[in-house]
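The structure's right below; bear with me while I get my questions together.
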Amino acid sequence: MPKSKLTSIEDFKKLLKDDMTIMIGGFMTDGTPEQLIDAVLESGVKNLTLINNDGGYPERGIGKLISNGQVKTLIASHVGLNPTVAKLMNAGALELILVPQGTLAEQIRAKGAGLGGVLTPTGLGTLVQEGKQVIEVDGKKYILEKPMKADLAIVEATYADTFGNGVNIGTTRNFNPLMALAADVVVMGTYEVREPGKVDPSSVTIHGVLVDYLVEIVEA
Amino acid sequence: MPKSKLTSIEDFKKLLKDDMTIMIGGFMTDGTPEQLIDAVLESGVKNLTLINNDGGYPERGIGKLISNGQVKTLIASHVGLNPTVAKLMNAGALELILVPQGTLAEQIRAKGAGLGGVLTPTGLGTLVQEGKQVIEVDGKKYILEKPMKADLAIVEATYADTFGNGVNIGTTRNFNPLMALAADVVVMGTYEVREPGKVDPSSVTIHGVLVDYLVEIVEA
Amino acid sequence: MDAKQIIAKRVALELKDGQLVNLGIGLPTMVADYLPEGIEVVLQSENGMIGMGHLVDGEHNRNFTNAGGHSVSILPYAACFDSAFSFSLIRGGHVDCTVLGTLEVDQHGNIANYMIPGKMVPGMGGAMDLVTGSKKVIVVTTHTDKNGNSKIIKQCKLPLTGVECCDLIVTELAVMEVTPKGLKLLEIADNTTVEEVIAKTEASLILADTIGKFSTN
Amino acid sequence: MDAKQIIAKRVALELKDGQLVNLGIGLPTMVADYLPEGIEVVLQSENGMIGMGHLVDGEHNRNFTNAGGHSVSILPYAACFDSAFSFSLIRGGHVDCTVLGTLEVDQHGNIANYMIPGKMVPGMGGAMDLVTGSKKVIVVTTHTDKNGNSKIIKQCKLPLTGVECCDLIVTELAVMEVTPKGLKLLEIADNTTVEEVIAKTEASLILADTIGKFSTN
């Protein structure tokens, strides 16, 4: 039996460094492991590049790290529900890179899947196209979107075994399985740790083989 | 509640036509709905282009259709366990297009996901590269692999609700979820039909919204 | 009914039984409440669900939420998935219809709804994929803004969300189809006139042979 | 031990505890039986499983099979997935090591193992992805063919499965590393000599400073 990946929050903090690029799962904070965000907050690491679907809320999810001034660059599809992002942007204290949500998903997946990129019609003729190769296939144009990677991914599973096989219930899945594929180190927070054999192999949404550390967390 | 998609095998046969391109799920026949293959056999449609991971066995899975002379072209990654394929190829009675297994998966997915193609390093410098665009991204070369589509997909779920939400147990999943995304018409065979509400929404592997017809089958 | 209700009710008539539909946040979400008897559509939520029900009041259930982060009920045929699959459905042409609001829409079918440079940058979220991949794109907007300026303009000025992607524009006054020749006025509200609609529309309008009327109550 | 057993036992020493490994059909599968005490690897089967156990005799269980279509047991930490995810793992560099047999392998690390034009066309299956994406590619083969001709050649003649993709070649006589300068002889079997290995090898061999010995029993 492979070793348990169960780790303490304190040991998780030791993985954090200034200037890291971190992917964080969740969609408007649902599927974001709030306690691990708190740990990043407490660690005080700064100059981070965060990749997340959105900007969370000022007091919830990755928004807390933004509010705390730890984030240099945010890569996201939507930040409309976090006014702090606009405030910091306008003050020149935060760089925002907007990516269409489906493109963000494919770029992360492409890195995880070893692809050199994908061709998408999304964003043709818009600002999204700027600076990118446009490639024609069978008479139709597509934007070449490159893979996106991270030093660390922080993901969530509703429950998981000690090998790191996690299951996301409902809409907490979102970007979590994709980010687990695309980062050098993957830390998974979960609300229930089970012994191997107690997770249905056919229902796993985040695969243990991708997970480096597992942290038991409680709902915020 | 949306209408039940439950259909008889006889009605399924009415969908079949000569010259069709058909994707068929399964990996060495595991995950192939054998009874639906039998129905294609009985229908007598010919000149088919089949897309499958492999060639099945001469007397099992899609191999039966090949043995019966109904197949013009086979697109697959591996046919080593079906000697009939080699025999028919050498006699000029069957065209075989070999595709690396991971590329086959991505091409089918690309069609289903609305991508114009994906860039893969697989096959560089081999026969697989012939006739294809090679694209350089950040100094590395990739083959541009185009989307692959079909008129019909025949897929299998272990059990499913009448909306067509299916669950594949174990390794019967393979190409089934991908093919359901990439064909104009999708027919799913399943061993157990359940009422909506009796399939866990978080465990669905083939999504009902992609399924046009559901056929109850028995294990061969 | 107010303008939003009128629009939602009229848009509901565009949806067909069994279609897979993605409704944007706000006004578009209201469309579901006006579906005619016997018409049921399947709602997709781009954060990862098909078979979404209604908003749930009370305690937040983080396991089932909509794209706005609010708890929702799920229908018996619901199924969940990750973001890559969600946008495979969207970009891959599996969504029959999407309804979305906008800041600007023009007679070419261009839409701009994700940023105002120097002022507001909420982001495109899933909108760019939705307008690219959905079989039918319906844009909803009040016909004029607070100052009485037309929202249906000749050419978008803001950064575009999508190029020539809109199929139908529905306001509280008119239903307009985007055609290769320009914007075609198909229907007007039962409390207005063709002249009033033309007067309140900056874009050029082609008049359909027969211009229908839709209900405002 | 016979040649296959000798090879499998020697390859097993290359694997590290906890690694994710894909073993090809045939000889490579045997490697799992020779893992040293305390070394456990996680086996991937490209048809869609991690945590594969052993072949299961008796009745065919179609729900859990290996890439050869045979029923297998699953370990407690097993998990299943579709083919796109399976090859994301493979192409994406998540597989630490793959072991595969071959028809030809040459001193540049080229491999040819999926067809003989005009004779045999089994297909590449997952091999092209595996040799492209795995962190370490080990090719296993008997050192010579039935007629005594070297299997370790200067240049592959058959259609290639992968270009310069092989890291290590293990035969019943030798362990050879593919380096930018050529094929480096690292170890020989304890029942042969460097001279015999050189004589039976068509490819040029660079001799390591110290050439180790590996066990044949």
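Per-chain residue numbering starts at 1, and chain names A, B, C and D are given in the order in which the chains are listed.
Heads up, the rule we're going with is that a residue touches a chain if its C-beta (ideal position, glycine included) is under 8 Å from a C-beta of that chain, and two chains touch if they have at least 3 such contacts.
The structure displayed is predicted, hence computed values, not measured ones.
Think of each touching pair as a link: the shortest run of links from chain B to chain C has 1 of them.
Taking the mean of the C-alpha atoms as each chain's centre, chain B and chain D sit 29 Å apart. One inter-chain figure worth recording: chain C and chain D are separated by 55 Å, centre to centre, where each centre is the mean of the chain's CA atoms. Chain A and chain B have Cα centroids lying 32 Å from one another.
Counting partner chains per residue, chain C shows two or more touched chains at residues 49, 74, 80-81, 84, 87, 90-91, 132-133. Shared interface positions of chain B, i.e. residues touching 2 or more other chains, are given as 106, 109, 113-115, 120-121, 168-170, 173, 201-202, 205. The touch graph of the protein chains shown belongs to none of the named shapes. Taken together, the chains touch in the following pairs: A-B, A-C, A-D, B-C, B-D. Residues 106, 110, 113-121, 133, 135, 137-138, 140, 142, 144, 146, 167-170, 173, 200-203, 205 of chain B are the ones that touch chain A when the two sit in their complex. If you check the complex, the residues on chain D that touch chain B are 45-49, 62-65, 67-69, 74, 80-84, 86-87, 90-91, 114-115, 120-129, 132-133, 159-163. Chain A makes touch with chain D in their complex at residues 1-3, 109, 111-115, 161, 163, 165, 181, 195-197, 199, 201-202, 204, 207-210.
Residue ranges on chain A touching chain C, taken from their complex, read 27-31, 53-54, 76-81, 86, 89, 96, 98, 100-106, 109, 120-128, 158, 168-178, 205, 219. Across the complex, chain D meets chain A through its residues 18, 20, 40, 42, 44, 49-51, 74-81, 84-85, 87-94, 132-133.
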